[in-house]
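Once you scroll down, you'll see the structures, which are given as structure tokens.
One chain, chain A, links the two complexes that follow: it is found with chain B in the first and with chain C in the second.
Coming up: the complex of A and B.
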């Protein structure tokens, strides 16, 4: 089973948010979806879960379109923010009622799990959703996502508003669930570094396209930061994929992305080589280029 | 009925019952208040009509304001949602008419069919009005909220007339006796046309509904 986004284009008026996007999400992986504000992460996830129609292209689950296909939609859950300004009915619900409603709507709902998570997150079931803090609302969204038991589960900024302890809790629960069920999770986040250990693969979304889709460890192993005298760095970078050059006086720093299996050779130059974390790589690839 | 539709119907009825219950309490409270302070009571059959009417209006608007968003977010197909909303509103309308029928045939047997016909027409109008207003609310058009408020006012007028009728001569009962059958037919045709138009309008928007 795989979920394919084929030539997805999404326009809001004259603005193109997703531009001929191609992506295949394989079963049994945790994907980290990373992109800048307005890159189209939520739009992509909402199209991948048929909450939003694409302007062009289609989404297929095991070769079948998911649009208006109840059988396919039963396998997908995109748990998103529960309070928005137009959503008065939901906000008037208590946590207990909201979860009961979710239990009725999701065919594979795990009530036991939902109850356990409510306890673990120390949520007051009798509280109205509107009275919950942003973090607690995120917890409810997480509970719905995990207890839905959908094969493909998408979470949009689940860690937003959560404190460090709650975030750690969330990552642990997510990994437990993943190892037990082998479900596919796509998690969009801005807290890249913290979540990078959890992601099996990362998806960088930039300017409406998937810029990069790669195994996290492999990506980390082939991205390095090289700094030293500008001439030496330029010499080394020649013919390689180089990003995000920074110049300070006569020194220069640059991010290099090596080819798969390629070993880095300093070529006898006096340069400093340091590993990068996921956040650095993202900034290097998607950040604004410095004009040198 | 499909499994998904059944699940949705169950969930949706939970919300509607809450709404009915609230409006029932409002009307019962008014009835008691008027009885205690003015020694008058409104026509109970007409109140049923009002409760169903106002629920049809409020749920139709709420559907577009929040409910559909919630159902689409939970992975229910738009076709399934639309089906459930139609089934639910039809069931609400018919249940209201059924309860009314029992009351009307017990207290005003001579007006029975006419009363039910006019009451049904009123409900169809309100439903159609609510559906159109709801879609406009979804489209974030100011006219949507304006129509909703107008809808509530228009829905409440027949009910309030009933409360302020003198003695046993209920304003609406007198009017019903006088109204010719042709007028009822014309109103009925108009109500059906309004509802059909608004359902087509809603269906068109439902087909491409997106969660913002």
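Coming up: the complex of A and C.
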């Protein structure tokens, strides 16, 4: 089973948010979705779960369109942020009622799990959603996502508003569920670093397209930071994909992205080579490419 | 177990090294069960695929082996094998960088040997 986004374009008025986006999500992986504010992460997830129509293109689950296809949609859960507006009907619901609604919506709903997580997160079920703090609202969306037991589960900024203990707790619970069920998760986050070890693959969304989709470990292994005398660094960077140059006096630092399988060679130069983390790589890639 | 992961090295290599360290320190004995992929994933909050990669590395090195339906176990003779592997690495990792740093500081060979002999 795989979920394919084919030539997805989404326009809001004159603004193109997703631009001929192509993506295949294989079964049984945890994907990390990373992109800047307004990159189109939420739009992409809402289209991939048929909550929002694409302007062009289609989403296929095992080759079948998911649009108005209940059988396919039963396998997909996008637990959205609870929008906290006074006139929003869901925000007036109590936690208990919201979870009961979710239970009716998702055919594989695991009530026992939902109850257990409510206890684990120490949520008050009688509380209205609108009265919850941002972090507690995130917990509710996390509970819906996990207890939905959907094969493809999307979480949009689940870590938002959670304190550091709750975040680590969330990732542990996620890994627990993942090891047991082998479900596919797509998780968007701005707190990249602490989540990067959880993601088997990362998706960088930039300017309406998937700029990069790669195994996290492999990506980390082919991105390096090189610094030293500017001439030496330039010499080494020649012909390579180089990003994010920093220069101070005679010294220069640069991020290099080697080709897959390419071994790095210092070419006998006295330069410092250091590894990067996912956050560094994202910052470097979303900056400008240096023309050498 | 539970050392802290750093970003200096691939996570799966660190996982393999930490299991090796436990074997060297007799925290896990030969012919005993080693932690499972899922246990490691949960403990370190890492993707199980990464943990599995670390374990497979040790299987390839003849340090762990799989007992069907039971889990991963430490090979007999694993401790000795780890020591030998580490010795080979020792030159690459420590001696070479020691010499490089010494050279850039202008520490000569005789002075370096003297330092080593002085160290107890």
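Quick note on the criterion: the second predicted complex is superposed on the first by the 284 of 292 C-alpha atoms of A that agree within 3 Å, B and C clash if a C-alpha of one lies under 4 Å from a C-alpha of the other, contacts with A are read in each partner's own complex, and residues count from 1 in each chain.
Please note the rule applied: a residue touches a chain if its C-beta (ideal position, glycine included) is under 8 Å from a C-beta of that chain, and two chains touch if they have at least 3 such contacts.
Just so it is clear, the structure is predicted and the values come from calculations on it, not from any experiment.
Peer 1: Have a look at where A:200 lands relative to chain B and chain C in the superposition and call it first, second, both or neither.
Peer 2: Once the two structures are laid over each other on A, A:200 reaches chain C alone.
Peer 1: By residue count, which of the two partners contacts chain A more extensively, chain B or chain C?
Peer 2: Of chain B and chain C, more residues of chain A lie in contact with B.
Peer 1: Check whether A:150 is in contact with chain B, with chain C, with both or with neither, and answer first, second, both or neither.
Peer 2: In the superposed model, A:150 contacts chain B only, not chain C.
Peer 1: Looking at the overlay, does A:221 come into contact with chain B only (first), chain C only (second), both, or neither?
Peer 2: After superposing on A, A:221 lies in contact with chain C but is clear of chain B.
Peer 1: Which partner does A:171 contact after superposing on A: first (chain B), second (chain C), both, neither?
Peer 2: Touch partner of A:171: chain C, not chain B.
Peer 1: Please indicate which partner A:248 is in contact with in the superposed arrangement: first for chain B, second for chain C, both, or neither.
Peer 2: After superposing on A, A:248 lies clear of both chain B and chain C.
Peer 1: For A:263 in the superposed arrangement: first (chain B), second (chain C), both or neither?
Peer 2: Touch partners of A:263: none, neither chain B nor chain C.
Peer 1: One more residue to check, A:275. First (chain B), second (chain C), both or neither?
Peer 2: In the superposition, A:275 contacts chain C only.
Peer 1: Now for A:101: first (chain B), second (chain C), both, or neither, which partner does it touch?
Peer 2: In the superposition, A:101 touches chain B alone.
Peer 1: For chain A, which residues count as touching chain B in their complex?
Peer 2: 46, 49-53, 68-70, 73-74, 76-80, 84, 86-90, 100-102, 104-107, 150
Peer 1: Help me check something: in the complex, which residues belonging to chain A touch chain C?
Peer 2: Listed in rising order, the residues of chain A that touch chain C are 29-30, 168, 171-172, 175-176, 178-179, 197-200, 216-217, 220-221, 275-277.
Peer 1: Show me the residue ranges of chain C that touch chain A in the complex, using the header's touch definition.
Peer 2: Residues 5, 7-12, 37-38, 41-42, 44-50, 53.
Peer 1: Quick check: in the complex, which residue numbers of chain B touch chain A?
Peer 2: Chain B reaches chain A through residues 2-4, 7-8, 10-11, 14-15, 62, 65-67, 69-80, 137, 140, 208, 210-212.
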